[in-house]
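Below are structures written as structure tokens.
After this come two complexes, each holding subunit A, first together with subunit B and then together with subunit C.
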Partner chain A sequence: MGGFPLRQSIRYGLLAGVAVLHMSLVGMVEAFSRREIVKDTISMGQLLLILAILVLAYVAARRAVEQHPLYAVFSGALVGLVAGALLAVLALLIKPLGMREVFANASPRLVKILLFDEEGVAGVARLLAVMTASGALAGLLELLPPRVRRPLVYALLATLTLGLLRDIFAVVLPRKVSRFLYTSSGLTQAGLLTFLAMWGVVFTFWETLGVRLQREVRSLPPAQQRPLQWTSYALVAALLVGMPFILGERGSYIFEVLDIVGIYIIMGLGLNIVVGFAGLLDLGYVAFFAIGAYTMAVLTTPELQVVRAVIPQMTFWEALPLALLASLLSGIILGIPVLKTRGDYLAIITLGFGEIIRLLVLSDFLKPYLGGAQGVTGIARPTFGDWYAKDPQDYYFFILIAIAIGFFISVRLKDSRLGRAWKAIREDEDVAIAMGIDHVATKLTAFATGATLAGLSGAIFAAKLNSMAPHSFNLLISINVLCLLIVGGMGSLPGVVVGAFALVGLPELLREFAEYRLLVYGAALVAMMLLKPEGLWPETLHVRELRAEPVKVSPVPAAGEAPGSK
Partner chain B sequence: MVSARTARWRVRLRHLSGTDVALWLIGALLLAMVLIGSYKSLQAGRYTTRQWLDFIIFGLAQGGVYALIALGYTMVYGVLQMINFAHGEVFMSGPFTAYFVARALDKAGYFDSYPILSLAIVFVVAMAVSTFVAVVLELVAYRPLRGAPRLVPLITAIGASFFLQYTFRGLYGSGVKAYPDIELLQGTWSLGPVVIQKTLVVVFIAAIVLLVGLYLFVQHTKIGKGIRAVAEDQQAAALMGVNVDRMVSMTFAVGGAGAGAAGVLYALIFKQVHFFMGFIPGIKAFTAAVLGGIGNIPGAMLGGLFLGVFESLGPSLFLEGLGVPAPYQLKDAIAFTMLVLVLIFRPTGILGERIAKRA
Partner chain C sequence: MGILDIVHVTKRFGGLVAVRDVTIHVEPQSIHSIIGPNGAGKTTLFNCITGFYRADEGEVIFNGEPIHFLPPDEIARMGIARTYQNIRLFANLTAMENVLVGMHPHLTSWLIEPILGLRRYREEEARAREEALQLLAFVDLEDRAYFLAKNLPYGEQRRLEIARALALKPKVLLLDEPTAGMNPRETEETMDLIRRLRDELGITIVLIEHDMKVVMNISDVVSVLDYGEKIAEGTPAEIQINPRVIEAYLGRGAATGLTPAA
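== the complex of A and B ==
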């Protein structure tokens, strides 16, 4: 039994302190404090601070518990105290130092939030108490047996999510229920307790019965597992298709969000083929999205006299195959020059391509053909006879079909001869060539398939918006898509969906978040690479490859193995 | 009878792949466009010699800034074989922070009474901040990943780039901040018939002095020797008693200092700073580094100056000759095209050292 790990706790405390100071000074705390997660109890801004403390205190406690169980609590509390002290110093110094002159977000409101609406000593005491208590709480959590801790943590997270997703559920639920559970920005106190109890029961049940059930299903012979799998797929499909009918008019906001998520899922599936399967890091992926969108726009708009003089105006259905063809061809054309380059140079070249295309589109040079900086309006909508798509719900179906196509292509290609060739190139190009793989054709098909899916996504996007501006096609889209792949797990299809919901869906719902989206993305990319390079929902394929027997799938692929790298 | 020469040509022809032919065709086409455009522009005589000189001087000043940023890329690549994608943000962090110092100095009137001292203070602050950001970046984001597959640090660097951009946006606000005018640098000098802006001359000379200084530092000090040893062979350097971690930190520090100084020079030319200012110069400086041969310090200087001048002349020299309206909108496209072409045709650069295909 060693002594109390004082230095280590202080180090974690300082780390937590830096994190909370950062969040306060960049303005996240203030922006998020407008959203009350639980009425009169806690705002999102405060929650953000407390979460940072909880996580780091938990890590510190986890190390301290080896020495003595009680040390876990002390260590956690110390982490909270140190971080809280740093925050208190900030809160007290903002005014006398006139920090607002330099730091745009060091406002009196921030001070008020940090000191929990009190002033001077009382506020500092309150801040320190809350932070220390949260740290100690994290330490206590560490002491609980896992069987209790896990359902508790999951229930808290699930409740928090329901609080964050207020805008969806408060609309969908019947008026009375929704009034009981939700306020205008978050949960009511009754709602908090209800959800907590509900999720507590669900997760406790899952910990005992659910895990056993899962094990039993796993132990069934594959022939019997399959019908079960198909039933679950069919259920999911039925739910997805049925949703617009169940929700009706109330759902248009939800479908607006789902449409955006869907468009990113299609792009994610495409980039997944290029980056995840074939290991070609493409940072200019937005170019193909833009080419699909612009082909659709230019062919169907009544504007752009120069073009109209040559090509007659088309309908959505006439233009769609051309848009796909254009993006496919551009995938090949842009693919040819980069065939010889690898790894990071490939990334930079594709980034260059993406930027060149954006600059060309924006320029006056191509304005008569592409609309220049003003963009194009009057793009055709998809039609069937007299019916034409207008609501987000209508586009939802188109996007759903496109996602299904993307999934189908990905699943079928993944283990095909081509898919295996991609994987071989990804793992080691020289060896793959030596084994007789035609790397030119293999790489080009990867680029072309990925580009076509992006083009499809772009065409739907253009039709859905009806008008578009070149500013929507910047590097950030490429980064967004790359990000969702990495967070979900490169090469993993469910990962694309998970990533898209987490990185595109959530920010759409949390509007305050929009401004900090890229900040969080950047942090997420770094954190993922440092801590969990295989992603949240990793591809299990190469685990299976490495072992001969049909494995029980382990959640983490071989240690140190990074996805999509050469 | 076929002569040996024709036989050799036949072998070459047989090994010629379709992609190579396509590539060379594209290259030839672009070269032809540049030549035809330049010829037409020069024939049309739209610009006087003085205007061309102005373009070149502006290009040299701008190129000096690129070269200073490129130094960081090239040194980091030499030591770690990674592209520090976030270097553009290191460049931004210095002058963006130093803006507040410059504003305070300007308000107190120090720029008028002690212009050189005040400028020196601004430089020191910017260089210190950029150095700090670069070193912390390496410590937190890159060091744990040493030895990881190549794409992992690149993705981390992209993440770090956005994180830094939006951190500074959050800290200092999203607006464009105007650097104060400095009385000393206003106006022009005339050398015989040539009239040049003082700012550009000062920026160019400062950039060259800094570049030479940093180069001498790397060539002649003990730390510089250590850095070069680590770049040559990390393991051997470690065995010889060089502290590799420290040398990597020093590499980032030197690169960061260069970028910070470049940032102030950039702010002197363009008179403004904002959180996104690092992205485009960052990519251009990377182009310059590749152009000169990445890993090669004099190469980065040459590459920077060449790119600066080419980019400054390009729009009026050949784009206008080709009849492109508003050619200045495509200024960045020229740099990007150059980046793509260099990476495709000559990834070793003009003065390329090691690495070619492995990159």
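== the complex of A and C ==
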């Protein structure tokens, strides 16, 4: 076979093999197998293996297709075969080698899963067949025209997601529909087909009509675009506000998750101002969240006699402005010494600050004032007259309002004089200073604004939980918020929402896999940085403003000498 | 007494004396060139003027006021703007935003006004945008207003940097090798632009330049630095025949443009 990229295909196969071996031996496959995505057809563990094959086979096929279209299929199949062979070797060797002594997860059950519930040769054959077929399928996918491939892939992904998020949708849907589509852990086979067909139609439609519609809207003059834009905003807002009423009692679980995501979105919006706009890498952002939460807690709890003796117990509404003020002030106080440093140094100092706050609230010394390791209970709930917030749905509204405020502030500031000064400092601090920008005041404002949003988030968090423990305020929260910015796209407001759902919402829904949360996190971030470093929803320029000129510009090198030479 | 007086300025880096006892008086509305071989201390001198370096000895006096102890942002706000040898635009901002950042000291809004969308703020922004467009037009970039700075071709980036500096409404503009890397036509255009800055806007120009044709063509006064010391000063004609200058350049075999014939 002249020109067939044999070595390359084998290389990708080995790569896929290493990936699936790893997932098997750390126990992911086994743990994930407990959940059936489609009844009697495929479990999440198997899906994981197949997805790894699909991705790498697709990459391999993409390269092979340049030689000959058919090579794409062969190459994909080869990737599947090599990876499958590695898995088969593992499955066969686990018992004779007594691998379990070293790899605790190399259990008989894993072998069973890998061999698709069969034994010996039949199992190996089945494993190899499935893997090779998956690889070949990925190759075939590459051969399809994009117009067909894209709706297909999206429909598959959307359907699998619906299967994965069974816990949400099965509860929300009317019982009869739910019975038809879902089992106790995933989709029924009928559900699979229904969803596939539905999404297939939706995405095919989108690929043809939707794109054209979008283009037509874009080509309208701005004055006519605006009403359309406002309509779509209004629709989204109506949906967000109406959701609790539509779902009623059935939605408790959803709103529990949405509340947590929302709290992260508020923090994300705040940190986005600090890191995304002003470029100040703050690794101790959780500190401001903690300060907001603790101010709310200490001021409204009936406990903490020492404090109560001095400050009378407050309601939620009385304490809220004070919580915001406290976080704002702490942002300024921390900012003054810290902001003279740059880059790495700033990151380290803020990291230290975050830890200091966590240790302070934990300390026995401050226990009479802050509750120590046991935390604080009996924190006030938001009230309106006789009504008080109790369900996740109630807090959902508070969080929605806070997010709206955060969004509003960010949008307004982004293109203001202050926002430009932030971005200038992010791009080149020295030059920004040479333009007459007072860098300390500018950075301090970014810090304080971000801190206030974190404080708002913390205050709502405290009121929602009613009780608080210091371990809720660890470094991981800072890291989470930073990661959701990176995944969503630095400086992008929709990116904050997308990032929060991807990094906070999904793991929250897939609780049983909490063990592997950080592993997946790490892998996702590495993949992200390699494949889409600008984020899932990067900040875009106002296309509207660019319309006067063709959007794509390729820099034309100056005739004569190359840039930078003398 | 000029508009900008550099008086006995010395700047040391450890054992190295980058600028030694340099005194230069810049006349208002003149084009004053500072030339010298590589490493002569020209850019260091710029950094001393703009406050990014603190002079170890000597004074910098702007408009009669000593400024050598002020922080750089304050010096910028007093009316000294600069461009950089290696272009330093805000790469991920649009051309328009770059210019608007330059206007920063002349605008007043801060945190509250934009959040509340006050009328004063909206009017100020609208005016600023209009002014920015005019500045972009001045350097012939008005149709590039909404392009990211990093996407502009090299020559336009140079002009944008000048527009950004102009947005500060400076009295003195320090240009660090504005024609570096340009072809002859672009160089010619830049020379015209620099003259227009002086003649139309009344700005005093201090120019670091390697291209002798540019220096000799547009300068009113030329100061020559070598090894951190000022070795000569005078009109272009005087400098071209100054034996110490010729020695400084020819001694290193780099003075092709210095012969009077050029």
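Heads up, the rule we're going with is that the second predicted complex is superposed on the first by the 538 of 566 C-alpha atoms of A that agree within 3 Å, B and C clash if a C-alpha of one lies under 4 Å from a C-alpha of the other, contacts with A are read in each partner's own complex, and residues count from 1 in each chain.
By definition in this document, a residue touches a chain if its C-beta (ideal position, glycine included) is under 8 Å from a C-beta of that chain, and two chains touch if they have at least 3 such contacts.
Everything quoted here is computed from the prediction, not taken from an experiment.
Residue contacts after overlaying the shared chain place A:T449 against subunit C, while subunit B stays out of touching range. More subunit A residues lie in contact with B than with the other chain of the pair subunit B and subunit C. With both structures placed on the common chain, the touch criterion links A:V338 to subunit B but leaves subunit C unconnected. In the overlay built on the shared chain, the residue A:E66 is in contact with neither subunit B nor subunit C.
When the two complexes are overlaid on their common chain A, residue A:E318 makes contact with neither subunit B nor subunit C. In the overlay built on the shared chain, the residue A:I409 is in contact with subunit C alone; subunit B does not reach it. Shared-chain residue A:E119: touches no atom of subunit B or subunit C. By the document's definition of touching, of the two partners only subunit C reaches A:A424; subunit B does not. Comparing the two interfaces of subunit A, the one with subunit B and the one with subunit C have residues 560, 562, 564-566 in common. Of all residues in subunit B, those touching subunit A in their complex are 17, 19, 22-23, 26, 82-83, 100, 141, 144-145, 148-156, 158-167, 169-173, 283, 286, 324-327, 329-330, 332-333, 336-337, 339-340, 343-344, 347, 357-359.
For subunit C in complex with subunit A, the touching residues are 50, 52, 71-74, 76-77, 81-82, 84, 86-94, 97, 100-102, 104-105, 107, 109-111, 113-115, 117, 121, 125, 128, 143, 146-148, 150-155, 164, 168, 177, 180-184, 186, 210. Note for the complex: subunit A touches subunit B at residues 22, 25-28, 101-105, 279, 281, 283, 336-345, 347-349, 351-353, 355-356, 359-360, 362-365, 440, 479, 482, 486, 516, 518-519, 521-526, 528-530, 533, 560, 562, 564-566. In the complex of the two chains, the subunit A residues touching subunit C come out as 408-409, 412-413, 416-421, 423-424, 427-428, 430-439, 445, 449, 541-542, 545-546, 548-549, 553, 555-566.
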